[in-house]
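Below: a set of structures, written as structure tokens.
Note that chain A is present in both complexes that follow, paired respectively with chain B and with chain C.
Up next, the complex of A and B:
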């Protein structure tokens, strides 16, 4: 018999609030990673050249691609990090179940991914301003956020979902490794197989290279749900704290 | 070899992850961040990002006009209509907006030479319309169609072929070699270029050309010494 009865929602909410404060370092490392990405982006993500009437035209495109690559690695790392024993033991400060702990982790990863997605997208503007003012090369006034609001929101959404799916992948990998150290060997083999085999390439094409963005969004959501679902199922098999 | 190449990005990712992990460990030992300081850094960063969005909007537009994909298609269409009209000698359909210059030139004798500064190809399209006039005057019009490279208006930026007279020679001069370099900022990830999230004009290109329309009296011979194609 307890003096207060707590619902799953209340427990999850309390855990999320605690974890957001506790994982502030993850956000700081994200900022650090984005700044490194921006530094590498100053030379441009791609260069195009053409020649017309004896005139050479070179256009250096500055986009979010490099920042995104760095953030993607960070997302995998963060997803994995919160499954480690030290982080899991933090949950024992609360009256908690495996389910509430997982739900809180998922919500925190979702919030962090939204933050990472929006800031990754906006970080390009810092480079725009810097290169426009201090750069020696001429620039073209490309469309900004206000010029392409729907496209910008769409891009932010996709970046966020990509980051979330990667962090869910990291989370699943972390759970598997916590379950058995054998996965430290198995996971890299699976990843390499996907990247180097024909079946793996086909799978990547089906998941990411769609004609429609909406299909990409659906695929990413589906992938994230599957990864988190498997992670929740696996976490129930973890040992209790000694 | 390709298998080895496939491993390189993975190794780089692992190296980078390791680098971040070690770096963050060292940093956390040396710098003790209070909750307030961490929040301050995050809020400052967000403020800088939003400020950059606003500042960028107010930056002066020192570049060529950037247009949308639909407008680009319209311009391409205008060029095609002009080219077709030019080839078919439908003078009334030649858009006056494309007219750059108009002149008359008095030719001495009965031969007009068309020469180009480029030895490989004619850098302008030339159409010769024969007239029944008994005079020595050659009328000419020079047109220049829309030119957009990677979605940027280059019409005034790129010098087109110039047409000049030297006695009985009509010389089509190619511009001197120049190089232009631009930064272009993109909201999109290259990763999405295959998806419809990128209705991109970044790869859009409308190839403009210089057209020379000549009205030459029938008794004057037009000699194209380089064997170049005249319409």
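Up next, the complex of A and C:
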């Protein structure tokens, strides 16, 4: 009898390659969501106007915040989606353990978060091009990657981490629900109570409302690791095809 | 070397006891038939061996490892059943292309040939296949992995007669070319009998026996004769099945226990399939008794 020796690293690498192929649909849906976000953004988020001596000046602030909001919701869903039964069972048609499957999922989420983060940041430029072609504006001013490289990279990093942490939240929620349907009820209660109670508000302030971007980055990374860690721990006893 | 060792394995889902007490061992390079009625626990046992579900108590060893969450077991074993699923974003051809990165012994040539032989459409999605075709694809996948432990759970469900015959032939040829441990579950023993070396019969979550096919054939004997005589003969024996043929004739199947001196009655051998059916039936009579 000759047994094949597989290492965790080898299996995770094979799974990541498999999942990138298999989850193409998720990336397509991301682009779709971004386009919808852009469509809604073209009207501008605020308009101010004054007139001086019969000259009308209108300042339209246009931002891609809405694109980010859409992508954030998308991230929650995608994190949740890949914990569902169909996706978990697919892994078990090939070589896998629950740990390797989780690690591969996390790596794939990381990759698509980076893709989503960078493209969401750059979607600003799409708006800019759109406005200069179709808009009635005379003058467009917006920060660009080349004007402010460091703050741009910082923003990209924060957007990416926000998307990743949201997908990790979705992932954890999904794994909890896979363990027990009871969490379908419990999770909304927890989320609502964090949003509405004083302790929850303080927690949000500590985590997200910092003077320093770096502290925010550290907090987001910490939160993501905790979410994924708990998800791995609780999914380790999940049975498949049961 | 022992490939599978199970000691007092128990498993229940909520209140249903799927496995009560399973103890057996399987040596390497044998084809074993896992036989049992519907709901006997065949599928649960295979899922435990594949590491999909975890046993409640008892000790399970596959290649000397506990299969649940074990990479070595997962890399060297495969369970082919009708619940195998693959993502919709991949075509059958994609699946076959991706498989070698998981299974180092993957036989791409064999997969391609069988794929061609069974006229599968490479551009189709796995979930869109008909039950029989999906079973065929899963079988091709299972054979091509060349896993040291290959398990089939009711593999021929939904397949048509021609494909079934081809499947058994392919399985046997593959086994001869590349010997491995094969465990094949079925409730239809007569059909797979010619493949098997050993039979593991389970009933209501317990192992009834684990014998070679030859031993199973010698397990029981059918006795037919005048009612009085048959009853007299079989009074000390373990009766597996009785059937009243007419007013005078009684047919009884008993467990063979050493040489028997039977005069005035006729005996006939019982096929392994019938033996398994009689042992696992709850009542000693047949379906006819329900209507009488």
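Everything that follows uses one rule, which is that the second predicted complex is superposed on the first by the 224 of 242 C-alpha atoms of A that agree within 3 Å, B and C clash if a C-alpha of one lies under 4 Å from a C-alpha of the other, contacts with A are read in each partner's own complex, and residues count from 1 in each chain.
Simple rule for what comes next: contacts are C-beta pairs under 8 Å (C-beta built on N, C-alpha and C of every residue); 3 or more make two chains touch, one makes a residue touch a chain.
These numbers were taken from a predicted model, which means no experiment stands behind them.
When the shared chain is aligned, chain B comes close enough to touch A:53, but chain C does not. Comparing chain C and chain B on the residues of chain A they touch gives the larger count to B.
In the superposed model, A:198 makes contact with neither chain B nor chain C. Judged by the touch definition given at the top, the superposed model places A:6 against chain C, while chain B stays out of reach. When both complexes are overlaid on chain A, the residue A:146 reaches chain B alone and has no touch with chain C. When both complexes are overlaid on chain A, the residue A:27 reaches chain B alone and has no touch with chain C.
Residues 21, 24-25 of chain A are contacted both by chain B in one complex and by chain C in the other. Across the complex, chain A is touched by residues 1, 3, 13, 28-29, 47, 51-54, 63, 69-72, 74-76, 81, 83-87, 89-90, 94, 98-99, 101-105, 141, 148 of chain C. Partner chain C is touched in their complex by these residues of chain A: 1-8, 11, 14, 17-18, 21-25, 86-87, 89-90, 92-100, 236-237, 239-242. Against chain B, in their complex, chain A makes its touches with residues 21, 24-25, 27-29, 31, 33, 44-46, 48, 50, 52-65, 68, 70, 73-74, 76-77, 119, 121-129, 131-133, 135, 137-146, 148, 151-152, 154-155, 158-159, 191-192, 195-196, 208-213, 216.
Per the touch definition, chain B reaches chain A in the complex via residues 3, 6-7, 10, 13, 16-17, 20-21, 24, 28, 33, 35, 38-39, 41-42, 45-46, 48-50, 52-53, 55-57, 59, 61-64, 66, 118, 123, 147, 149-150, 152, 154, 158-161, 174-192, 194-199, 202, 205, 207.
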